Amino acid sequence: MSQKVVTLGEVLMRLTVPNNKRLFQTVNFDVTFGGSEANVGVSLAHFGLKATHITALPHNDLGERVSRFLKLNGVSNKGVVRKEGRLGIYYLESGAMQRPSRIVYDRFDTTFGDLDESEVNWDVVFKGADWFHYSGITPAISQKAADVTLRALKEARKRGITTSGDINYRRNLWQYGKQPLDVMPGLVELTDVVVGGRVDLENCLGIVNEDWETNCKMVQEKYPHIKAFSKTIRNAMSASRNELTAVMYKDGKMYTSKTYEMKNIVDRIGGGDAFMAGLIYGLLNLEEQQTVEFAIAASVLKHSTIGDVNLSSKEEVEELVSGNSVGRLLR
Amino acid sequence: MSQKVVTLGEVLMRLTVPNNKRLFQTVNFDVTFGGSEANVGVSLAHFGLKATHITALPHNDLGERVSRFLKLNGVSNKGVVRKEGRLGIYYLESGAMQRPSRIVYDRFDTTFGDLDESEVNWDVVFKGADWFHYSGITPAISQKAADVTLRALKEARKRGITTSGDINYRRNLWQYGKQPLDVMPGLVELTDVVVGGRVDLENCLGIVNEDWETNCKMVQEKYPHIKAFSKTIRNAMSASRNELTAVMYKDGKMYTSKTYEMKNIVDRIGGGDAFMAGLIYGLLNLEEQQTVEFAIAASVLKHSTIGDVNLSSKEEVEELVSGNSVGRLLR
Amino acid sequence: MSQKVVTLGEVLMRLTVPNNKRLFQTVNFDVTFGGSEANVGVSLAHFGLKATHITALPHNDLGERVSRFLKLNGVSNKGVVRKEGRLGIYYLESGAMQRPSRIVYDRFDTTFGDLDESEVNWDVVFKGADWFHYSGITPAISQKAADVTLRALKEARKRGITTSGDINYRRNLWQYGKQPLDVMPGLVELTDVVVGGRVDLENCLGIVNEDWETNCKMVQEKYPHIKAFSKTIRNAMSASRNELTAVMYKDGKMYTSKTYEMKNIVDRIGGGDAFMAGLIYGLLNLEEQQTVEFAIAASVLKHSTIGDVNLSSKEEVEELVSGNSVGRLLR
Amino acid sequence: MSQKVVTLGEVLMRLTVPNNKRLFQTVNFDVTFGGSEANVGVSLAHFGLKATHITALPHNDLGERVSRFLKLNGVSNKGVVRKEGRLGIYYLESGAMQRPSRIVYDRFDTTFGDLDESEVNWDVVFKGADWFHYSGITPAISQKAADVTLRALKEARKRGITTSGDINYRRNLWQYGKQPLDVMPGLVELTDVVVGGRVDLENCLGIVNEDWETNCKMVQEKYPHIKAFSKTIRNAMSASRNELTAVMYKDGKMYTSKTYEMKNIVDRIGGGDAFMAGLIYGLLNLEEQQTVEFAIAASVLKHSTIGDVNLSSKEEVEELVSGNSVGRLLR
Amino acid sequence: MSQKVVTLGEVLMRLTVPNNKRLFQTVNFDVTFGGSEANVGVSLAHFGLKATHITALPHNDLGERVSRFLKLNGVSNKGVVRKEGRLGIYYLESGAMQRPSRIVYDRFDTTFGDLDESEVNWDVVFKGADWFHYSGITPAISQKAADVTLRALKEARKRGITTSGDINYRRNLWQYGKQPLDVMPGLVELTDVVVGGRVDLENCLGIVNEDWETNCKMVQEKYPHIKAFSKTIRNAMSASRNELTAVMYKDGKMYTSKTYEMKNIVDRIGGGDAFMAGLIYGLLNLEEQQTVEFAIAASVLKHSTIGDVNLSSKEEVEELVSGNSVGRLLR
Amino acid sequence: MSQKVVTLGEVLMRLTVPNNKRLFQTVNFDVTFGGSEANVGVSLAHFGLKATHITALPHNDLGERVSRFLKLNGVSNKGVVRKEGRLGIYYLESGAMQRPSRIVYDRFDTTFGDLDESEVNWDVVFKGADWFHYSGITPAISQKAADVTLRALKEARKRGITTSGDINYRRNLWQYGKQPLDVMPGLVELTDVVVGGRVDLENCLGIVNEDWETNCKMVQEKYPHIKAFSKTIRNAMSASRNELTAVMYKDGKMYTSKTYEMKNIVDRIGGGDAFMAGLIYGLLNLEEQQTVEFAIAASVLKHSTIGDVNLSSKEEVEELVSGNSVGRLLR
């Protein structure tokens, strides 16, 4: 398969407290890596697509560690810039039962926030690409990160590459002087597929309405070039039990996936990115209804493994969509 | 916050078989510590109260280990007596599904059982205290332990300190010649808040009746000074799935908490002590209905972490009571 | 108790990927051992019966490791032949939620497949035996393995020993030139108790019918010496949630056990073998209805511990049958 | 090989602090088992001899754990008495460099100390035995333990079985009212091979002299039936670097082994017992000089594995004696 | 013992790669904490002195983790300021053989660097203090950190408290615009005991000379109030084998300790701080020669445990000085 | 750097018993991968060269695991053929002190042994290559493996690529009907750089002589095209202490490296391959004496990390050669 997807974003080191311990008492950490957009790239690589990730990493052994993480997961690091600086970190205390999971961020002043658009070799990165994906996290980090996102969208456009944006709103970021409404509309102008819920659309695009479908219509009026909207609906009964459904609004129609009941969730971080990867795969290769089914099944499988990234193959997702594999012991 | 609670009781080392293994095949143990009353003190310290625990610990590195456990969890060890002897131990084989958890005790002839009332500096321990708490386990250990409990209650009374007793009946203890009915009534004479179920009231106070509310009334008639009765109701469907509710009888009225369904229980040991701490916190600071809600939510959160003690803050318990945090990912 | 059961079959090393990781990313393995028939022997030894297992193991430290595994679990290794060769292996990636468990086998060209019937000391092995058990896996491995199974059945018959066969059909085996229908009927001729589902009866005995009870009657007509048929019915909702029921057809009557809902399954491998052991124990010691209840409860308990073998005692199974222990904390 | 050795003594659970941590900060323990005499039995079983160990173990899962430890290591438990009580424990903080290893004992009031000589089936235990071994630890535990040692020696004598005693003096024991000089001479009267250093001979037999050879001669004069004396000489430069030599005085001659320099010691506990087992093996099968060489090499190998017991085979000890294996990679 | 020592400095989280792995391939970290001056305080607390540490920690669970680390190790946190910010981190890849240990720092822009002298309650912190200690690392972090150091020295002086400074020069710090020579002389003006080698004296005080004794004399001429100079001499043959000696220049005389050969070093980080603590203890309680012997022995023991802090008691250090404990097994 | 090296050979999974345990008692394994020639490729990739490895791997998750191992370590898998079959395994019990390390192989009938020369895309693999390396292990596995080695040499020759062979003789292999003398001379005909000791030269080339230099001269006479001979000299005092020296015979001159004393060896497996990689690097880039110094230092560093492959960078090796880094703490 020769489809190629380019992603752009920061990769953080995740330090997870093991064994249901609290962060304030831990004596060790499990180490994994993730970042919304890199997670999308890794998942697509596991589906068999070519993936290239644009990011900046420090020039030390931690940067090397992340670089190896990308390579190991089949993501080309031709888009990786190595320079002075620090790696962003987040600490995860996994919840259980009625106790919620908690994240502590240590992600300011990182190498990625200092990535200059001139440091990326756009020709190399986009050569042969079919799709470019970004998220609302990157422009929230720094002016330079916002600039590099805009530049990437322009470079993609220039080459006729389809673009998608997961315009998730992160309240704790946006500390460099700009607000989402200053930046996001300019990006959405260049975005073909928009993923976001009601709150995201409100904060990033100023669209205020109770009903998501109406929201989409309002956005589409403003940005008629947009080809599809999508989001997941998560109903969280506890830290270990959620229900998950996908919806997509495309060409004036709503598509709703099967709802999965997820019990005994192993790790929900990255569930949205796994969905995003499934959506991109689907829009590139499947019919609309199949697309939401594939995307939501991909997200469900993500919840069954540790780490931010979905390690499932395309065949495993298809098995779940077909319902054949559930509860079986595959010999 | 300047409320201060004093607790009295043995602290045991808990050796837990990891990874769903059986005790008879284990090659390692996880080490934690607990004891009904110390668990109450630790939990209150995590709520922000001052806590002082009265106990005796051996003069070796194991005693030092327990002492550090108390300090680490914010409990003052001004009430800790160090002397010759051994540390009590209990072994925990964690159940799963339909397989029950099993405890093997090795708690006879311990340093604590040899604690003499003259060894405690009562003035130091009770200085500024608002509450004293004991349980029915201590007087079941040895004559000296029963004596020290009675003495503590008298010292508390003398200073106008509110007292509570979790009068749980442990059939395997009481091996030093006395029976509960010989000892417990004398302690309840000095107890303001009594926690115990039907079986406990029967064995410790000789009150026999099918209905807990009626029981409380009968006890109150005999001991009119008692201000409140309480207990939890646990409905155990399996080792990993329980339902939990709290009830309190106070000033002639019954208060019943919300019922929590607990799935995927991480560790139920100490659930009652977490409740007790919540109850004390509530009676010191909240209205009656709020008190049972706070206490039961505290107990539920305990079930989500490993170890005998509840590591939740007051804020975390309040979040669960409010229902805001459940199933969320707190960033 | 002096009942003695002899089992015959290969023992494999199981390498399990820990911590919900995928096999393709693992950096360590947990090591356990199992094999359908050895699992039955081990479980019976834990019930207090004498167990002797016939197998072949390599002459190296891995063979020694397996030999110690059997000894540790109370199984006599008087039936163990040590010789040149390799130990069979299987890799287990444990599923979670909607992600199925997966097994990768590496079990060809093993020492066991080369076991010659002349290498077993049949007199020693069968001395004092009450029961002999085999499964459909052994004759699927090699001609020699099929021969040793037939020989064992003849030796058992000769001594008036009851025989049972779990005639499970494994599609991936049977690669030495024979098909199940070439071999299995000859073994069933000498088998008193047959365990198998519809698919097994079809593939091993050529009995084709939708209804299991009708199947059993058809088999019984052809093999009137058979005393009982049995199987479990597993309803798998996910990797961690199954329902389990046992049925037995004996003397023209159907016996159906209680249905257990199993949530948070720890390890389902060997569940069928635990059932088999419970069935043998029941047929030797209990009434029919009690037998299916004991057997299914044994299987349920197996699902609560790691590893292929059921480590539950007879008393623990009886406790579950009685319903007394569920959800309790046994002190 | 059909030589059979019988040993008598307590088996303790050893809880080791892992990873160079201190006992007062540990969060987990590694679990192994050991006891001076059981260690001797286990080592002899690994050499290929038959071994039977006489001891008492509690009737709970910890007793079962120890029983499985013995079985796993090839020691018959026909001499194991199961009864009410507790298992003795010792805690090990492993030293490193200039920091010494430290042991904390919790071994009073154990099941073994309550073993009555009438509870052992002496005929079964000693059937076919060639050798009986005890140590100076057992008679130091309790009157009953002293009695059972004397009885065992008498039973051995009665059957013409060779006897050995490692008459090590443990200052912390002997708390039941007797002193070594009250008890040990009576035991040595019935002992053929005595292992002990200068301090042991002084405390147990009242022989005071600076030179060990002279000591032996003085003991021999008093107890002319003794066939051999032996001991190891340990020169400890640090916790991880020792030198080790064996000496034996037999028939008026001194035999001295090669001196081994041990660097990077993994675990020195049980080094003396490994030596003792090697000595018994040698006296049963080898010439005098070969005996001390075999015994000291066995002890050296013990220092290279974790746990109290020597897991080396006879062939591995012989390889070290021959010098062939040192530093090689055996493929 | 009522001596009280106050220390001032940053505490970092140390993330250590376990099991001889490289940082660029690690999948987990061991978590400990340290900082040059806090290490001194912790060690003194383990010697039985009162210790209070002045620092700033973030207002999140990581700050809480460090706070608990201090409490657990007996250090009062009355000097701990909690505020917004991040915790400094350092990554440790442990060397082995000829491969050196490597540290990667991530310690810029931390909470500590933002500590304002007005945030410390100097009266509370210095109440009853006998000694104040700082190091050359703190003034190298930020202007505020330099200011708080100067202020602390003035506050100590004002109260007649002895002061010591480990004036170690860290080339990678000093990035806020000042150079050591701009800052350090002003601090040394207020310092009674100076610890530093030739390179430190050169960079911090501008004293250039090949011979350390001469250096000391030159410094003393310039700063006649200084009471003592000291340093350790490390001869590093490999990552796991070093020789260590202490020297002290006091009242015109040189004192040189015994030289220790350290083989199989467990962890050398914090060895200098353990020495510093030993030196302070000695100067407060011992003769000069005893002081250097105590200090160097303390440092040697530090090398035998994991983590930045010395966990040895005063008695353990004395045992090593006396030579009694080396290579022994303490029962 | 654009030098490219191609290697050919089997990659095995290594299952290592952790924590100084014996193989016959292990409950888990650490998983790493290695194979003589792949180890060379990985090491060269860590030096910054391009590396491509030719091998065959099974079509299952284990094959995927190995493929990821190669990618992670910078080795191109354009030479990897995926097909049906099994992965070879070896079990490692790490020695300590006087106890030797032991390997148990399970490497017959593997996918690699079935690799057909027609399955490799020689043009792709050798494109731009500067060097080809093989070892004496591959032709010892199967006729096909011998054929593919010969073919690779011919393909390399055809393209003017320098070739090297580590002609190590493995007695346990060569079971497919051929002997070394039937095969190896034909390979050496096409080999420019020969690495091997006296025993290897005797078994593979029939050159019998006590002195290695004389051996080399005799081989050179027979095969005048050979450009260089080399080997390491290992003096093994114990499992954890070895001395290591390199020698090279080139253009009639002998070059001898510095001798390194290696204490506390972490893992010696792959030491020879690390040397080989260093030698190739040196011959491509350095003078003769520098070459042996670089190669031996590379091998020494390998001994300091776990696993078969050398993870050191070129700069780290150069640091050791220069002697600057030894025993330092690199901040």
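Per-chain numbering from 1; labels A, B, C, D, E and F assigned in written order.
Just so it is clear, contacts are C-beta pairs under 8 Å (C-beta built on N, C-alpha and C of every residue); 3 or more make two chains touch, one makes a residue touch a chain.
Listed by chain with UniProt protein names: A, B, C, D, E, F = 2-dehydro-3-deoxygluconokinase.
If you're wondering where the values come from, they're calculated on a predicted model, not measured in any experiment.
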Size of the rotation, in steps of 5 degrees, that lays the CA trace of chain A over chain D: 180
Chain F against chain D, contact positions shared by both copies (same if over half, else different): different
Centroid-based (C-alpha) most distant chain relative to chain D: A
Chain located farthest away, centre of chain E as origin (C-alpha): C
Separation of chain A from chain E, taking each centre as the mean of its C-alpha atoms, in whole Å: 45
Distance from chain F to chain B - Cα centre to Cα centre, in angstrom: 63
Chain A and chain F: spacing of chain centres that average the CA atoms, whole Å: 42
Sites on chain D at which at least two other chains make contact: 22, 24-25, 27, 68, 72, 102, 263-264
Chain-level touch network, classified as line, ring, star, complete or other: other
Contacting chain pairs - touch in the sense defined above: A-B, A-C, A-E, A-F, B-C, B-D, B-E, C-D, C-F, D-E, D-F, E-F
Contacting residues of chain C [partner chain D, same complex]: 68, 71-72, 74
Partner chain F, residues of chain D touching it in the complex: 72, 260, 262-267, 297, 300-301, 303-306, 311-312, 316, 319-320, 325-331
Parts of chain D lying in touch with chain E, wherever the complex brings them together: 19-22, 24-25, 95-103, 105, 170, 172, 236-242, 263-264, 268-269
List of chain B residues in touch with chain D within their complex: 15, 18, 22-32, 60-62, 64-65, 68, 86-87, 89, 91, 93, 102, 104, 106, 108-109
